[in-house]
Amino acid sequence: MTTALSGQEVSRQIGERFPDAVLQSDEAAVVLRGESLLEVAQFLKATPGLEFDYLTSISGVDYLDYLEVVYHLTSMKNNHSLVLKVRCWDRDKPSLPSVVSLWRGADLQEREAYDLVGIAFSGHPNLKRILLWEGFEGHPLRRDYL
Amino acid sequence: MNGWDWIHWLIFVVVILGFALSMIIVFIWTERKVIGRFQLRRGPNRVGPMGVLQAFADFIKVLTKEDIVPAKADRWVHLLAPIVAFVPALLVLAVVPFRDGSILADLNIGILYVVAIGALGVVGIFMAGWGSNNKYSLISAMRTAAQVVSYEVPVVLSIVGVILITGSLSMVTIVHEQQVPFILLQPLGFLIFFLGTTAEINRSPFDLLEAESEIVAGFHIEYSGMKFALFYLGEYAHAVAASAVITTLFLSGWKGPVLPPVLWFLIKVGFVFWLFLWMRSTLPRLRVDQLMGFAWKFLLPLALFNVFLTGAEVLLWEEKMASWGNFPWPFLFLNLALAGGLIVLWSKFFRLGGGRVEV
Amino acid sequence: MMELKTEPVVINMGPQHPSTHGVFRMRVTFDGEVIVDMEPVFGYLHRGIEKLAEERTYTQVIPLTDRLDYVASMTNNHAYVLAVERLAGITVPERAEYLRVIMDEMMRISSHLLAVGFLLNDMGAFFTPLMYMFREREKLLDLFEMVCGQRLTYNYMRIGGLSHDIPPEFLPALNRFVQEMPHFIDEYDQLLAENEILLARTKGVGVLSRELAINASASGPVLRASGVSWDIRKADPYSVYDRFKFQVPIGTAGDIYDRYWVRIQEMRHSVRILEQAIKGLPSGEVMAKVPPLLRPPQGEAYAHIESPRGELGFYVVSDNSIAPYRLHIRAPTFINLTTLRDLVIGWKLADAVAVFGSIDIVLGEVDR
Amino acid sequence: MRFKRYGAGIAKGMALTLKHLWRRPITVEYPEERLIPSKRFRGYELVWYPERCTACATCAKACPQGNIEIVTSRGEGDMYKVEKFEVDTGRCMFDGLCVESCPFNALAMGQSYERSSYCRGQVVLSKEELTISEERQPSGYARPEIEALQPEQTLLIYRTGGVR
């Protein structure tokens, strides 16, 4: 059984290394500051006891106030999982660091989030539309797109 | 040259044309029916009884299709290609004896003629691939050229074994010499010739030039209507010719008990074709480098061995032939054992094709 | 020596190409027959299912999920209803859970049959293996039709259970299938497993290393062929998978042959699970009490299952209305395609087709 | 890659296909031989019983595609009169949600599977075209009372003669 790690517990561990990286946390998830995503992800991937080697899924969600990217992380070694969230308040030019350098699996998923939700991932090697065609106006999975 | 010769030729041109075309239609039907049964299907059964008229229905359909020439194609090359591909298959049949004496031209170099003409079809295919101005067909044309040139070598060498035994290049003499079919005396030669011919007439598992899953339809991707039909017929004409040549060289041609010679000939041709179908319905396709490797590293050395061994055997049995009733019976078993041993031995040294290329 | 002026050729394989399994497109650069560059192009079958789901009720989304992975659509139903059940806190009756497992495993067999069959077809075996495999698949489709009235888009699972109980004729027919199937798998092995041409075409071709497989979030048979023992049925058991005894076949080399082999072995184990599930099938209801217009509490849920192609996940966000606020689908084959470029570079045209076939994509799921 | 088995694997495969050559074909000659579909078959068209319908439009709400169009008028007494009941079967996914949702059993899935037509207008079915008739029979999907009367489904698993 994959144990879902408590967000608070993990955020305490993160807080020891990166004091102001965590925005908030509860049982289910850890919400990070966008700027610190990459180094925290590096920490989560490398730290013994956590070792999140498998990036299951990246979902972009539009909450109207902010855009949220949800990372579902899994550790195959320890068989536990964690939900990591990053928020972005700038709706016009949302930008977050890309995690492709850590997990190749983020490649297509980040492109998809960019395509459909409109979050630009800085540092992505090939960030362009994937499901829709080049030159498509807008980002369909935003709630204000009709 | 007298009047009788002209009549003989006229009759046999008609006979060969009729034979070739009717065999093509029969083969198309057989192929679809037999492969259908291999695959637990019924095959065509709508047009005519048991679907025998399916080929005609297809023919009418194809005739009524629009004739398309791609805008940037090399027009004349594109138009001539199907004819160039089709005709050599008919020419080969000119030297194939249907029964004793029934032959258009008993050339004394019959087998050389078969080898020379049989490989001409590739020119048509190359013309089609080049003239269509399509990338897939170009790849296909290049593959075919390489494939036919490579496989021609082991095929010719495997014939040499037969020629050494019979001492004649004439197809009629070769059949006369076969007291037992040469498939028994030359098992290795038959295997090499059969596989090589399969590759030359581009049938599975060597059908790289059509390779539907890779290059869609290969050289005839841009063809439609009657030109496509000519390619289609040409493919089967080559199969008919190849089956007939194999029958003549290795299955003792028209010879056989009870039944009339022509019938025996047809049965043997049908059996060889059925072997092609059996292989087609079972085997996956080889990759292009494996295909070349198979010709040069597996078939060619074995063919050379075969030539060498047959030559030695012919020297050995020359004196004792008379005491064995004019046939080298002991060598039947020796050759079978030698063929098996050589295949097993050579498999140990043989590597199929290259792997990944660093780019 | 004369210098030949050569240049690489760019070929668009697809969207209309016999071996792209739909409308996928690979923009491939060839140097002769060797692939020097490859770029996958997606989106020809993009129907915006995630967006469509936002304006449909939770139940109305189920038929949409059928259209994702249309070769194994019942597993899509399962993953989706699992996510919504998790969101709304619904417990499913035990009989329904057993039937879901039975359906999933039947789906896995029928999907793997198609995957292996088409892989062989891509390698040029003229439809024969495919036809033999279709024979078994048709029998399964018959059973699906018996249960829910359709052969391809089942729309069988409901939030809180199943739409129907199985008819009485179902179990005898399934039993017969379970008895016959191992024999037919043996036949496939006889036809293919030792075939020299198949071995030459697949062994060592398109090798996905263990590290890259994990790093690139590969899942399903592609991941397991690379030697990673990760099957969600074992790692994070859903439904009643923890009650069954079965093994997860693991490859070693991560090449095409291992992917093919893993699929064949998985079919054997699926048959084993089916046997146990038929034996243990309890009686009772198949549907929990669920209001017709479900309004799950505000929140979010992620549920994943081991679909025939890998980890199929549904991430559902609810805002306490009758429609999901956001539905994200973690499509296994979409993510498996991440490494396609690495696998085919340096190989030949024919290998690219085989590698592509061994990943076993379904475009409905890739493009959503 | 070496040829380790000297073609033994190929020979095994060839033997298997040869065995299949003598097996009975598994295909069905469709127009002559028709298999009986499932009792719960979700076939083409819906069957609508006007006498049971109260025009509550539950089916229209259940449809994910919004295919069902219902227009009503004031009938006699408390009843609504159905003016228009139209189903665009061209957009229909045949998911059966409308049939499942109907509280009065006034809808059923159809049994037929041969209803191709030459123009798109013909696939939009009005209420006259949806009622039960000789060629429009209801299927047992979500209707157990109809299911009990349906003929037994032909199963390929019993037809192909098992392992041989």
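Each chain carries a letter (A, B, C and D) given by its place in the written order, and its residues are counted from 1.
Just so it is clear, a residue touches a chain if its C-beta (ideal position, glycine included) is under 8 Å from a C-beta of that chain, and two chains touch if they have at least 3 such contacts.
Note that the structure is predicted; figures quoted are calculated from it, not measured.
Where touching is counted per the definition, the chains common to chain A and chain B are C.
Chains C-D form the pair with the most C-beta pairs in contact. Closest to the protein's overall CA centre, chain by chain, comes C.
Among the remaining chains, B is positioned farthest from chain D, on the basis of C-alpha centroids.
Averaged C-alpha coordinates give centres for chain A and chain D that are 43 Å from one another.
Here the spacing of chain A and chain C, counted between their Cα centres, is 25 Å. Rounded to whole angstrom, the centroid-to-centroid distance between chain B and chain D, based on C-alpha atoms, equals 50 Å.
For chain D, residues that reach two or more other chains under the stated contact definition are 1, 3-4, 7, 10, 13, 16-17, 20, 26. The set of chain B residues that touch two or more partner chains comprises 38-41, 281-283, 352-353. Checking each pair of chains for touch leaves A-C, B-C, B-D, C-D.
Of all residues in chain B, only 34, 36-42, 45, 278-279, 281-283, 298, 343-344, 347-348, 350-353 touch chain D in the complex they form.
Put simply, chain B touches chain C in their complex at residues 35, 38-41, 135-136, 139, 204-205, 207, 211-216, 280-290, 352-353, 355-359.
Considering their complex, residues 1-4, 6-7, 10, 13-14, 16-18, 20-21, 23-27, 29 of chain D touch chain B.
Across the complex, chain C is touched by residues 1, 3-5, 7-10, 12-13, 15-17, 20, 26, 37-42, 62-64, 93-97, 100-101, 109, 139, 141-142, 147, 152-153, 155-158, 160, 162-163 of chain D. For chain C in complex with chain D, the residues that touch the partner chain are 56, 59-64, 66, 128, 132, 135, 138-139, 142-143, 145-150, 153, 155, 163-164, 167, 169, 173, 176-177, 180, 183-184, 187, 190-200, 203-204, 292.
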